[in-house]
Structure formats: C-alpha cells, structure tokens
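Same chain, two partners: subunit A is paired with subunit B first, then with subunit C.
What follows is the complex of A and B.
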C-alpha cells in the first residue's frame, strides 16, 4: 500500500472518530439533569421567556431527538457552538476563536521545550547508562511527571517571578502595547510577521513560564522512551557492524543509533500533545493566561454546558489531527507500518 | 498468590527504589485508614480540627506547633493535609480496581472469542483514545455533579479502555496455548474459561500496569479537584488547596507548596514501586 492510500485511510478513520465524538457530546448535552434550556441559559431562562423561546426554536429543542441531532450536526459543522452563559452570552465560537490561539501558543512552545529537554536528557542517560548522571536524570524526570502541572507552575511562579523577579507572573503580553493585526491568528507569529518586535518580545517572555511548566511535567515520557530505545538499538547487529568497521563511538551513536531510535519518539509525540493540551487547563489558570484552558475552568464553575462541550470538541479535533499527522509521519519513516 | 507475595518481598530486599516506593505507598494507605477510622469513630486523629478556624495565628509560617503553617483563616495546614489524604488514596485504588475488573473481562472475552465483539470493543476504545480522559471526565462531572464519590464514578467510566486493550493483547497471546485450547475444546463455558483460565494467566502484566497507573489516577483526580469538582467547602482536598492557596503564593508560599508536594510524593511512591515490579518481571 502506498503512502497516499495509507494517509487517506487514516483520514477516514479520523473523520469517523470525530463523528463519534460529536455523537457523544450530543448525547451528553441531552443527559443534562432537568430542563435543557435552564441548563444552557441559566437563570435567564426563567427571567426572559422570549429569549428562552427564541433559543428553543433556533436550536430546535422542541423537535424530536433525530431532528435535534441533525440540526446539532449542522450547527457544529457551521461553527455555531451555542452561546456561553459564563461569558455574558456571547457565542461560544467567538470565545474559542479568541482564546484558542493563546492555548496553541503554549502547546507549541511546551512541545518544543519538552522535546528538546526530553531528547537531550534521554541521550545523556543512555550514553552514561547506570552512572550517577543516569540516576540523577531519572530522579529529575520522575519528580516532573509525578507532579500535577499546576504544582510545577506554582513553584516556577514563586522562583522566577517572585524570588528572582525575572519573568512576569501572569497574562499573555504587556497590555500597554499595541496588539498585532490578525494574519495567522497566532499573536506571537503575527507580531513577528508585522515587525511589532516590542509585542513579540513581551509575548515570548509571557509564554515562557506556562510552557516550561508543562514541559517539566511531560519531558519525562520522552526521556524514558529515548533512553530505552537508544539502549535497545545499541545492542543490535548493525551497530556492532558499524563498530567493527572501526567507526568512533561518537559516530556510531549519532549517525547510526540516534536516527533509528527516534522512530519510536513519533508515536509518543501524539501522547505528549494530548497531555499538553489538557495541561493548559491548569497552567493557564495559575498564570492568568487568557487561553481556552482558563475558559474551561470558568465554564465548569459557571455550569456553562455549551462552553464545556464545545471546548471538549475543540480538544478532540486538535488531538485527532495530531494523531493523524503522527500516524502518517510514522508510516513515512517506517515503511513496515504502511505495508502491514 | 503466596508465591507472588514472596516475589515482591525479594524485590523489595534487592531494589532500594522499589522499597522506598513501597514505604510511601504503605504510609499513605495506613494514614488514610487511620483518618477514615477516626472519622467513623468520631475521634480526632489529627492535631487540630481540619475545618476549625483560628486554631493558630493567621498565615503563620511553619513552626513546631504548626509544622506546615496556618492558612488565612487560621486553620492548621498539617491537619488539613492529613485529613484530605484518604480522598486521593481511595480514588486511586477504587478507580484502578474497577478499570482492572471491567477491562480484563471485556478484553479477554474479545481476545479469546474475536468476531464482532472484538471489532466493536476495538473501535469503541479507539474513540476513547481520541478524547482526553480529563476533559471527558469534566463533562460527565458536570452532569453528575461534584463530590469525591461522583469523581470516582466519573473516572471509573473513562478509565477502563486501556485495560481492555492490554487484556485483549495478553489474551491473544495465551489464546493458542495448549491449556486454553484444551479448556475450550472440553466445552467449558465462556464465563468459566475467562475467569478460571484466561484472567489468572494474564493478571501479572495487568497488575504491574495497574500499580503504575494508580499514580496517574491520583494526578487526574487532583486535577478535577483543582477545578473544584471534588470536594465541598470547607472540607480540605489537596488539589483544591493548591488552587485556593494560589492567592497566597507571595505572602505564604508554603500554603500551595505542601499540598502539591503531597500529591507528587504519593505519585512518586506508586511509580517507584511499579517500575521496580516491572523491571523484575521483564528480567524473568
């Protein structure tokens, strides 16, 4: 099977998974105890009967379940995710388009940090297998992945913002600066494209602590996999052959062992992204970072069902998309996968 | 089971890390039992009442009288932390036990008998893997309402799919071994075959995974507690304490640090113990 056919098959699978997720959120939204309108509109449902009626009509809440399901799908596909009681009844779609870019910024940088730190320490641990350095690295990542992300965030906040005073304690940028116009939608990238360096610098400084908190909580998975797959590769025949050719130990390690061990990292990278995106729920609230994670927390507290369900969908879309990319990348690197 | 206990005992003697893990796990379990017994018998086993205000000065730093300091309402942090321990510990054990039970039965059935049941289980778990467990738990939590017991139920609902996958894979490995084939050919009922022959033979791998997994459950539960879904005020909970005491990160940094540290310590305990058991199993 060629790569394109493999990719198409995985794409079809991704669409099926998302369709199931939509069905699950639909079922969950109808399991809400009591009156659905009450749940979606909060107290306003009783205060403003007209609003409640209009809302029921707009979302076809009085129709039969299959009809409601049809309109639910149509609404979702059109990006119409309902209105958010916890954000003053503005459309959930608007809240998400305002907050998601910030969350994606944290996910992107924490992924880079996590990968860099995880790989570096994994290589070191494998290179100095069973030495004190290996043990120290193990202790470090064990502490990291055993700690809730919000706890790591609090420690970094105390050390870097309050004790050392070198990084800001909250927010996504200095609010006195002019915000960049929307090009890609990601403020950090847009400010760079526009040449708004003051904003770029401020946004970078603000994204450091939240991203680093998540990286510290997740790099252990990468270190662990990198270390064990490197150790495994070092035992194989082709490494013995490379050594027999008279290659230096460094050349054997970096030119032959490392590329082969990195294949296994692709499969866990989608796991890491899932971890990072759910982790934003916690670090954003510690650093008052205006992303979607913080919206989830306020939506939960305000019993904002449309908000919580819509963010669940967005999380699922991001995760399914990463899994798809990882699958295709994996098949590209390792032909055995697409043949199998 | 006796031979397994002996194996664990010899592991603890030879592996210092696993022994440390076992000490932490045991200390947490015993403390939790004592606290629970104290609640049942109406005895106060912690130095101060965890909810009584003004038992000491406000925001006092750690001292002999208040080893972890006091909070903004003058409550003793040490008492609050110990009192909250059974929440995390109980959720960890109960959720993993239920996932282990559901997952091993469904997974071994799918693995041994294959067919539509197998296909359905695989596709169903595929969908589960695409959804972040924590977010799914939050949605269900909104429907069920908050509370420690409800969080146990919520996590039990979302936690079993990886166990089913693992059990299915392990069951496939043993499916064609002679003793299983023989049992099947002798016309043994599915229920008997699975409970008496398959599950006992795949339980080793599943139990190792479960030991490592209790820590993950505790982390996830502490996340649900952090966003306020687990415990009602004024009762203490580690995750909720970190969230509430965030406001004092500048004036009294020990307030969010100690409860956070307890979560990490508990999770590290299960990781060390689980890793040790896994290493010994792989060596054989």
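What follows is the complex of A and C.
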C-alpha cells in the first residue's frame, strides 16, 4: 500500500541520517584535542604507564580513526555502546537508560507548556489583531525567544526558589522518597501508575522549573507562527465563504481557520522538539536535573567518546522520530498530501 | 411584484494605503422579488463592493458605510450589528464567489461543507420554533462534525444533501460528497458552491463573477443552472459580472456601474437594443460579433479614474466623446428616460 511504501522510505531515510550523524560525530569527537588517557584515568595515567597502555590497547586508542570506527560499529550492531569513562566505566547503555527518562520528562512537559502557551497567545493575538493585547503578546514572546534558555532558567531559579522559596532549586525528586519500580521507565508516569503519589507530587514539582524555562524560551516561535498563519487563513476566500453561510465567528474560527492553520503549526512544533531536547543540556545543568543533558556535558568534558556518541545518537533518534510523526500528521490534516 | 431589496444612496468608503476612496458613491437601486439582475462593470467599478455590502461582508476596519441604507424586506441591513446581520447571511441572503477552488475549504470534504450549511438551517429553524413557543426542548446537541478525513454524511440530512446536489445537477451525489475540493473540476466546484449557498433556501443569491474562472462550456452550464434555480425556487439573483455577454444570456435587468456609480439601469432588452450611456455604448462596441467579422473592435479610450479624488463631475466625462460643459460641473443624476430605463447622463436629461 501507499502508506507502507511511505513508511519504508522514511525508515530507510532515517537510517541514512542516523548513520551520517554517527560518522560525523565519531570523527569530530576523536578530533577533540587533549590526552585521552589522562582525561579517562586522571593522574593514574602518568603514575601507572602500564595501566595506561593496557587501557589504550583494550579500547583501541592507538589505532587509526577508521579502525576505531570499525570496532565501534561492530560493537554497536551487537547492542554494545561501550563503557563510559566519565561515569566510572559503567556501560553507556546503562547511563542512557538511567538518564534518558528524566530528559524525556522535561522535553514532554516543556513541549506541552510551550504548545499550550504558544497556541493560546497566538490565537489571542490573531483574534485581537493590532489591539493593545496583540502588542503586549508580541512583546512578551519576543522577550521569550530572544533569551537563551539557561538565562531564563537562572532567572526562574532566583525568583521561585531563592526569593519565593516555593519551588525546589534542583534535583528530579525528593531523595528521601521511595522510587517507583520501573514500568514504563518514566518515573513520573510509573509513580502515578503505582499510586506513589508522594513521589509523583515531588517529581512534578521538580520538573516544573526546568520545563518552564525551556517553554518560555520556545513558546514565542509557536505564538508567532500561530498568529501569522491564522491571520493569513482569515484572509482567504473560504473563510469569507464560510461567513457568507452565516456561521458564527466561533465556528468559522475553530472549524475552518484553526485546522487550516495547523499545517504550519505541525512544522514548527517538530522544530520546537529539536530545540527542547538540545535545550535540556542547559537547564539540566542549571537545575542539577539528573537527565541525559548533564551526561552530555560530563562526557564532552571527559573525552568520553562512547558517551558523546551514544547521546548524540539518542538525540538524533528523537529528532528523526519527531519528524516522522510530523509527516504523518501532515498527511492526517491535509488531504492533498494524503491523497495527492 | 414587490421589491425585495432597496438600496438607497449607499456610499461605501475604503481605506487604501492611508487614503480614502469611495468604492460606492450614492448608489440607489431596487431589486424586485424573483428578479434576475445583472450588475456589470469593469474591475474596480464597485460591483463586488455592492455585493459584499448587501451581505455584510465588507472587510472590517478597512471599509465602512458612510451613508445610505440597504433595506431588505424593510429592514436596514446597513445599520444592523454584526451579530444581527449574521442571521440574514446564508438563510436570507447567500453569496457565491468567483474562484470556487479557493472559496471551498481545501481540508474539508464537499459533503462536510454542505452538511454544515444544512445543519445551520436546521438549528436556525429549531431556534425560531423554540422562540415561537412551538417547541420547548433545547437545541438537539451540537451538530456532529467529523474532524478530518472523508465525512460520512449523517443519516438525518442524507436526503437533503442528495436533493441539494441533484438540484445543481450533480448526479453522482454519493461520490461527490466524499470528495475534497481539489479532486473536483471547476464546474463541479461551482455547482457545489451553489448547492451550499442554496442549502438554507435564501431569498436572495448574490453571485460574484461565478463563471469568470470557468471555461466557456462550463460557464454556459452554470449560467443555465442559475436560471433554472431562479425559475424553480423563485430565488432572486444578483449576478455581478464584467461580461456583458454573460449578463445578456440570463438577466432580466442590467445595471451598469462605472467608478462607484450606477450609470445605466435598464431591462436587458432595452439595454442591448438601445444603450443610452456613452459608457454602455462603449462597452457594447467592445464585444466581438460574429456578423462583423474583420471589422475592428473599438475600445473605450482612456482608463479608469483615480477614486481617491472625489470630483463633482461625471466620472466618465474625460473618456467621453460627447462630453459637454455641464458634465464637468455636476454629477449627473439618474434620469428616468423610459419606464424602467434610467441613465446618468446629461445627454438624456436637463
């Protein structure tokens, strides 16, 4: 069927993208200057030359980059992503499975906040075009998206946890609480499924500031696109024709204008996810949130090649998956894409 | 026959890049019930503005009534609030537009858009019944609307949908309702538009250049269809067109507009056999005729005046070969030359 061919083509495309991302990241990360063994072993590298030599041999550090890449690929295809020197030589796969759920939580909530805020303000700005409300909204979103996420994060941290003291300044949950068992892997969801409400509440409170920082930095672009595409759609002939039928303004807006403006909103939403997932690197550092973003930072600083590669790959997979979802949504919304 | 619509002294101002212009300048006309009226003129003469004014769809903020009234069944539409005006749109006055492809929502099936209009009529009727005390129960829920995808036509309106589509001579109703606008031909789209406009059984249908975007054969079919509808349903039709030939095929009466004013108003036969205004004469001599093969067409010299400058003179005077002194001193009023034949030209009055 058409849909199957479409999915297969996208899948092949995704594999190609991921392979290129992996190759480029591999080469680039190995070109980072610095003594790898010293970064991995610290002072021991100089103190125990034999140990250093053994490590160099075990992890093929003396081989040329293509040879190292070959070893990496062979291991990866066997499901082995290597060990993470920056996390005490534990398997990278384990680090990812421990940290990714926290990052996904931030991405999820910031996406929801960003979309809700962006859409609401965009719709308001379009409906009250050129009114003081429109101008205020435009000023607000301009301020939001011209501020980097870590700046917003620090401001929120100062206001809400330092001065007001109503939200925690860091961490992902209250460590004194019992952690939920793994059902889906996402702690917030698992605690809710288990009925561990104390943990759920604590986790929600902790996820609020990091995700809100990212939402504040990103909702502006959604507002902007929602506003402009709604204004554009409201000028079209079919909106005039819908009004000529005698439909109420609400019906015209929600039945004809908003769905038609949603095509460009899908595009921008998929881009926002990319922004959010990379933004976690900043906000997780500010809020000491134990997600994958923090791992990226330590891995980069520690020349932790396997860590850098694995996190980049995970980011790439999320982004590719988001784009796939966006493509499916296009087809769902627009019959010309679905049938054409 | 009683008159359905009385437009008197209607002036519509437009805001165009900081300067104002009068798109309509003291337009007075009346439309009788069950009449087929054609409003003819070049682009920019105000004919579309006239249509949009009647149905209350002038672009808000940039166009407004500065004087005059539009009396429809005795109610002045020009003074209604937007919410009150909405009760007239669709149910009393409907409008179809030039480009059927862009006038149909590209993401919704033809069926969805037609059902929408039919349901609107039902809910209006219900509301009226409730107000009249005939029925007490509240509205029967929100009309169920499929969000996306091919619509299944709800059973309670299926019959009406088929009736509407067969009225506009769409035979394969079942197939067409599940189609998206881009899957239909231009003629089919315009038929579907007409069906939607008629779904609420309006008394007045305004057709703004409904055939301009269509090829000649389809054009003829759509015109024939409109004539049929007028005869069958008794719908009063105002056809806005730039094409005198189109007007001559279907209209009972023709109004010729120039630069925001009515210059001639006559029965279709009188207008074509005895055009009085130099502008109408000019327009007629622009039409190629089969029996005058080889002879050159004579276009009207000059071009449309700049409406931003309001002048107290005949607007056509700079292009008119009969221009007299009085033409540049006063605006010619509409003189009734024969019964039902009015012309705004000093050649025919005073």
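One rule holds in what follows: the second predicted complex is superposed on the first by the 282 of 340 C-alpha atoms of A that agree within 3 Å, B and C clash if a C-alpha of one lies under 4 Å from a C-alpha of the other, contacts with A are read in each partner's own complex, and residues count from 1 in each chain.
One rule holds for everything that comes next: a residue touches a chain if its C-beta (ideal position, glycine included) is under 8 Å from a C-beta of that chain, and two chains touch if they have at least 3 such contacts.
Given the structure is predicted, the values throughout are model-derived calculations rather than measurements.
Judged by the touch definition given at the top, the superposed model places A:25 against subunit B, while subunit C stays out of reach. More residues of subunit A lie in touch with B than with the remaining chain of the pair subunit B and subunit C. In the superposed pair of complexes, A:143 makes contact with subunit B only, with no contact to subunit C.
In the superposition on chain A, A:155 contacts subunit B only, with no contact to subunit C. Contacts of A:336 after superposition: subunit C is touched, whereas subunit B is not reached. In the superposed model, A:312 lies in contact with subunit B only, and not with subunit C.
Look at A:321: by the touch rule set out above, it reaches neither subunit B nor subunit C. Of all residues in subunit A, those touching subunit C in their complex are 236-238, 240-248, 255-256, 259-260, 332-336, 339-340. Those residues of subunit B whose C-beta lies close enough to touch subunit A in the complex are 126-127, 130-132, 134-136, 138-143, 215, 219, 222-223, 226-229, 239, 242-243, 246, 249-250, 253, 256-257, 260-261, 263-264, 267-268, 271-272.
Residues 13, 17-18, 20-21, 24-25, 28, 31-33, 142-143, 145-148, 150-151, 154-155, 157-158, 162, 274, 277-278, 281-282, 285-286, 296-297, 300-301, 303, 305, 308-309, 311-312, 315-316, 319-320, 323 of subunit A are the ones that touch subunit B when the two sit in their complex. Within the complex formed with subunit A, the subunit C residues making contact are 55, 57, 86-91, 94-97, 99, 102-108, 116-117, 120, 124, 145, 147-149, 180, 182-183, 193, 196-197, 200.
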